[in-house]
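Below you'll find a set of structures to go through.
First subunit A sits with subunit B, and in the next complex the same chain sits with subunit C.
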Partner chain A sequence: MKRPTQPTETPQVGRSVPRLESQQKVTGRAEYVHNLRLPGMLYGKIFRASVAHGRIRRIDVSAAQAVGGVYRVVTSDDIRTLLPEPYYGPAFHDQPILAIDKVRHVGEPVAVVLASDPHVAEEAAHLIVAEYEELPAVFDEVQAMTSKAIVHETLKPAGTFPDLKHLKGRTNTNVALDFHLRRGDAERALATADHVFEHTFRTQQVMHTPLEPFVSVAEPRESSLTIHTASQSPSFVRIELARLLGWPENRIRVKVPFLGGGFGAKLYVKLEPLVAVLALLTRRPVKISLTMEEQFFTLTKHASTFRIKSGVTKDGRITSRQCEVWWNGGAYADIGPRVTQKSGFTAPGPYDIEHVAIDSYALYTNLPPAGALRGFGIPQLVWAYESHTDLIARALKLDPIEFRRKNILREGRPQATGTPMQDAAIDKVLERLGVLLDWERPFDRGSGTVRRGRGIAIGFKACISPTTSVAMVNVSADGSCIVYCSTVDMGQGSDTAMAQITGEVLNLPTEAISIVHSDTDVTPYDMATLGSRSLFHMGNAVRLAAEDARAKLRALAAEVGLTAETPIADVFRKKYGMQAGNVIGTGSFIPSYTPPDYATGLTPNATPFWMVGGTGAEVEVDTETGHVRVARLVNVADVGTPINPKIVATQLSGAAIMQLGFTLFERMDFDAAGQLRNASLAEYKIPGLLDLPREMVNEAVVAEQRTGPFGAKGVGETGTFGVSPAIANAIEDAVGVRLTSLPLSAEAVYRALRAANGEPLPEE
Partner chain B sequence: MSAVRRTIRFKLNGEAVAAEVAPHANLVEVLQGEFGLYGARESCGQGLCGCCTVLVDGHAVSGCLYLAAFADGAEVVTVEHSASEQGLDAVQEAFIETGAFQCGFCTPGFVLMTRQLLAEKPDPSEDEIRHYLSGNLCRCAAYPEIIDAVKLAARRRKTAP
Partner chain C sequence: MSPFELVEPRSLHAAIHLLDPDDASIRAIAGGTAVMLMMKAGVFRPRRLVSLRAIESRFSGVETGPGGELRIGALTPLAVLERSAVVRREWPVIARTLATLSNVRVRNVATVGGHLAHADPHMDLPPVLSVLGARVTIAGPAGERTVPVASLSTGYYETVLRRNELITTLTVPLQGRKRAAYLKCTIRSADDWPALGIAVALEMDGAAIHDAGVVISAATDKPTRLAAAEAVLRGASLDEATLARAGEAAAEGLDIVGDAHGSASYKKQLLRVYLGRAVRAAAKGAA
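Right after this comes the complex of A and B.
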């Protein structure tokens, strides 16, 4: 590929530059941890729990150890010779590196076999025998509130988050966090409302399914450790390993190349503590690559139950809303408590409601852990409140767009927390959806056994806060430029966006700028690549670093008596007498933030920016089979001013198609004992080319995030928000049945149709 | 595993090569371990995602299920082929221009299957594209752009001298 290096006056922001690493990706030469092999490296294979909840009576590794070629078999007893307290986690220190005393979900890691040949390790792992005293287990998030089955004897909050401190040492509970918000008096307002509506909605447990499964390598050095890992949060990996080992941060180096997808799965720490202790125990490099099956036991998306109750006036104004949300966090908290609070406070939806009450609970259960998945809980909430909104509009015989128009949060109005809405184009997204769907025109409703319907939904999200990003921009003596930042490019195009921002400031073509991938010995701190935060936070840090470099270059030119317009190479040559030296600009960004009041959940400054996304769906329902076909899917979003319009459109489209899978068919299927029955792509289907809607439209409204880099803000999750409820709303529009649980499978639709005809099918 | 290894000889991206392989070794393992070619990669391990696609005697196979011993005497082509010999081909260029990938992990499989599709049907309909490539999965869901890429590559190949 051509790499122009001459200065340019062409604006770099707003260009649809192809991804900088395009050539590497289409030739199969892009770097992933998956490609890494080190001399003397051992492969680890994990032996996993076969019961959902049980006390470990005995682990017999003798047969595994006896297999020729096995280097060592490791259990938590070995790990505790190194670390007395080998528990990790971002919110709670609740997850043991390998199971200790108890197992809490099927598939929990119990032991590891190490061998130079991964096939040997795998064969030997099958020979390990574990005996458990089975304990009563709990799987449902609502039952977990009152269940006698207790997943963790004592709660162990990590201490990082002030709002978790009150939970420390609590016993006999599965509630990992309770978040409450009270604004006005929802109860009294409901009692006097003209109409009251109450519904309960549920979502299922699903999995990220990155096609590059989790993989980490630990490489022991003299007095340090290098971790090569497919992680979205290299800085957190370093800090958490330093804490576990009691080492200073500079003895742990975390390197991350490209990721083969992440979607929230590869956050915080996953395999890294395990490979780290294995490398320290053996003094050899250790690699663990999970299989697709093992990913299902590692991290998932929260199943949820949401009871929502609204008071509405005769003319369709929503005056009060009560929200109760239960999040099924599985056996380990991961970041679930953050989902409960940071997303919980948007549970009433993008509506201007005077009286609001929210109760949001993170629950431990005996299922595989749940964490962030492309939306951090928002798609579960939008599913409920936009299905509810549609039901209210239907009951009051109001047009769904008009009903929303009457109630949406407008610029400057306070959201449920009291934080005023700023740069949130909810109205534009709603209106644009109406236009793109030709809402006012007559709609073909189908005939015979194929009925057509349409529906819309809008949702919003507050970007998580407060988080920090730090960046460096290095201008070399020939004027070429390198950006150092710890944002991980997992496919979202962050390398390209950061280069565009740098190029815009320094008048350099994007293609001439190099990006150094995350390496904690080299690239500065970044909170993590999550929650659509990077373009805003790291983008601001990179912009500041580039501006700092530009100011230093100008100062250098002035120092040697040259004008600011002098070519950079000439300035360096005059200063140093040859092609030598460099200029390093730095930038650090953390937005302002006010934590919510513990008792009321209110805050004047909940978030640095709002994301807004809406979806319109036109569906065809086969009344003989229940099969739903999405004929047209329209996604509209407020992404601020796009840095790279093409990448923005593909992010919206990709997110919506992923959510289409979660909407129509993806579901982790557990039996009554907590055994997962479909942990493979043979039985757990993700969307393929034949599942695509016949037509898709993806559009960003004209908008500006005034605090973002060049008016931009995050987009990675926005396309997921409205998909599920828009389709459920369209199904009711087509065939008159309402589904309140995901997925909207053909079977679920058919059962509802039969029930509506007075011929219900027997339950399974 | 004390399995008996045997020597296989085959053509890899146009070059005659030999490798000592265990009977259970699959093609992806051999390409990675013996030849440093990582473009074909295991993901689902069941031949359902297409990430491990390799061409053997001109036919796409799932390299994670295809025993390396069967490649003895065959002609094996991986995604790295054209990059090392003639630069990018029309399919790869079309994938770049249309933005037909995000994380890139599945891309080699899509590129190889698209080449095979266009060799069989130089002017495929959209329906044919969807069906032909339905055995390849992309979790980033760059599917609309992949369809655009196949169409663009087909046009380019037709007008190419």
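Right after this comes the complex of A and C.
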């Protein structure tokens, strides 16, 4: 690709630069771990548990070991010859690299077959036999609170994150974390409220479905390990492997090329500890590539139950709210406790409510583990509080926009934690939704068997904090520029955004800037690519690094007696007598943060920035079948000032379409024994082009995040917030039935219609 | 996946003799879209696959034969049939059905013969071909035989084909005065396997239905003729009451079981609704 190199005065920020990697990707030249083959490499195939909860009586690997071409079969006994405590996890050190003594969910890794031929490894893995003493299992998050079935005998908090340090080992419980917030006196306010509303909402377990499944390669060196991995968090992988092995960080090198999607699945560590120990046991490079089917047993999105209760005045002011949220974390905590707290504190929604009480529980169950998925728990919460909000407005015969207008959090007002809202354009998002939906105009309500309705929903999210990003900007002797940062471009366009920020500072065209992908021996620390944090945190670090480089270039020019306007190449030539040398700018960013008080959950500084997203939906409901067709989906967001407006629009639409699948039909379907019945893309369907709304609008309101790089903040998750409740609200508007569980399947809608008519459809 | 033998004979005759009437681990492979999925899932572990891609080219292609009937070589990719000018003109219901069959990647590779021989009851063409009175020519060691598409499938993944027989040709009679439609209902994504498929062919006599053929797929373990609904429609006028009676007649007594697409009672409701819609679409000649 032809790339301009000359300095430019054209602003780089705010320009819809085509993604730098698009040509590489569409011509099949972009680098992915899946394509990596190393000399002498072994392929690992995982043998997985067939019961949801069981004590391992016996693992017989003899038949697998006897298959021609099998190099070795490995179980946790082998791993413990290397690591006495092979447990990992970001919040709890609860997840064994391979099952030890017990299995806690169907599909848990129990053994690995290694062979030079992946087909041989797969064939041999089928021959492993495991016997279990089955234990009582628990699958429902509310039942897990009181269940006699205990998933983990003792809890093992990791304490990796400063704000999870209060987690302490507990026994005989499935509650991994309970978060509580109290502001005012919700109980008393509810007792005296004019109206009290209480509802319970549920969401289902779903999967991230990145089209590139998990894949990791470990390459052993003399006294070090190189890990090539499809990970959103290379720095965390290095630190966690160093902890597991008891090595210094510099003996572990983690390299991440492009990712074929992540969405929160490829965070913290996943396959990396396994390939690392296999490589150390065999002294050969080891690769494990999961199939699409295996992804269902690796990481998922929390199912949840949310009981919400509000006190409202006669004239429609919400004065009090109680929120109880139960998160189904599955068998291993992953980042679930953080979801419970960091998202939990926004459970009352973007409303100005004087008396608030929140109880949010992370539960262990015998299902595949749940973690972050594009929204970090927020879509589950918005689903409940915006369905609830709509129900209240209907009951009080108030217009849904007017009711929200009366109650939304406005600039400077304290959110549930007590943190004042700053740079959160909730009002603008709400008003713009009304405009784009023509809310005041008469609405075509359909006729015959097709009824039309519309609904809105707004949500917000705090960015997890505190987290750190470090960046380097290297200006070469010819004036060309390379950015070193560990943000992982998994399709969200971060390479392009970081290049735009650098170009803006250094007056270089974005297309002329190179980005070095994550390599922990080369690129500096970054907490992870998650939670829409990268543009804000790494963007700030890159901006600081570029400004540092600019200052150093100016100093260099002054040192050799040249003006600041002198072309960079001339400055270097005068300094070094030839094209030589370079200038390296560094930047490091961590926002300020005050941890919440343990007892009250309150803090004056909960987040570095707020994301605000709203959705309006116009739907058509087939009253004879319950089919819901989304005719129009309008997504409006506060993303601060967009760095790249085109990418902002596609991030909003991508997130909304993903949430549309979670809203209408995606669902992991478990039987009573915890066996997953639809672990394949033939039976677990995600939206395709034919499922898109007939019309979609994706818009960022005019806004500024004053602490962000050039006024910007994150956008990756914002489009998910309002989709589910907007559609449920529109369904009630169309046909008068209210669904309180996701997904809003055609059968669920039809059953509700029949029940409302007093002619319920037979169960079977 | 364990090693297996892949053979690529140059003639139909050779292909048939590489198959084995008694060995289920030997199978023919054409487009491979279904076989590969079964192999990846570990439910089919072949000893030998007989690829049909190199056999005589006359087994691929679309042409019209004597009397204007449509003859389709079994190795014709579905996408070729979909784009065929003569199919679009004379058998528009087939072209329309193909446009929503699975997805374009599958249609480009999957073949007509493979589609029919696979006998997954969720497939779209068998009900349509059944109401059009289509038949397949089947070749085996003993020679050829002809079987109506309507009696090809005997159950889930099961057909009248013996293990060493191959479909060679699909023949579809002229649609003539028949008006036909196929409607399917998917529950999850639009490109999901259908919960229900309904094919209808009508011969109209002014505003009245002179004759009707109705075949249901997906909700039953093989494409099934709905004789009771046909009887209601035959000779009746096309109105709401008739369609409601036909829908009830179709749902009554039909053995439908619940699955991931929906409960049995919901699928019966879909049948009641879609039957009427398919009849109307056929009468209009619109679908």
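Please note the rule applied: the second predicted complex is superposed on the first by the 754 of 764 C-alpha atoms of A that agree within 3 Å, B and C clash if a C-alpha of one lies under 4 Å from a C-alpha of the other, contacts with A are read in each partner's own complex, and residues count from 1 in each chain.
What we mean here is this: a residue touches a chain if its C-beta (ideal position, glycine included) is under 8 Å from a C-beta of that chain, and two chains touch if they have at least 3 such contacts.
Predicted model only: the values in this text are computed from it and were never measured.
Within the superposed three-chain model, A:E565 lies out of touch with both subunit B and subunit C [touch as defined at top].
Legend: residue contacts after superposition of the two complexes on their common chain; A:H119 is shown touching both subunit B and subunit C.
Of the two partners subunit B and subunit C, it is B that touches the larger number of subunit A residues.
Of the two partner chains placed by superposition, only subunit B is touched by A:G491; subunit C is not.
Applying the stated contact rule after C-alpha superposition, one finds that A:G261 touches subunit B and leaves subunit C untouched.
In the superposition on chain A, A:D669 makes contact with subunit C only, while subunit B stays out of contact range. Judged by the touch definition given at the top, the superposed model places A:E21 against subunit B, while subunit C stays out of reach. When the two complexes are overlaid on their common chain A, residue A:S680 makes contact with subunit B and with subunit C alike.
When both complexes are overlaid on chain A, the residue A:G688 reaches subunit B and subunit C alike.
In the superposition on chain A, contact of A:P762 is made with subunit C only, not with subunit B. Overlaid on A, the two complexes show subunit B and subunit C touching the same residues of subunit A, namely 119, 123, 291, 293, 680, 682, 686-688, 690. Of all the residues in subunit A, the ones that touch subunit C in their complex are 119, 122-123, 126, 291, 293, 624-625, 661, 665-666, 669, 677-678, 680, 682-683, 685-688, 690-691, 745-747, 750-751, 761-764. Across the complex, subunit B meets subunit A through its residues 1-2, 24, 32-33, 37-41, 43-46, 48-49, 51, 78-80, 82-83, 88, 92, 95-97, 99, 101-108, 111, 129-131, 133-147.
Interface residues of subunit A, counted against subunit B in their complex, comprise 16, 18-19, 21-30, 32, 34-35, 37, 68-69, 117, 119-120, 123, 208-213, 258-263, 291-293, 490-493, 646-647, 650, 653-655, 657-658, 680-682, 686-690, 692, 696. Contact residues of subunit C toward subunit A in the complex are 1-3, 37, 40-42, 103, 185, 187-193, 258, 260, 262-266, 269-270, 273.
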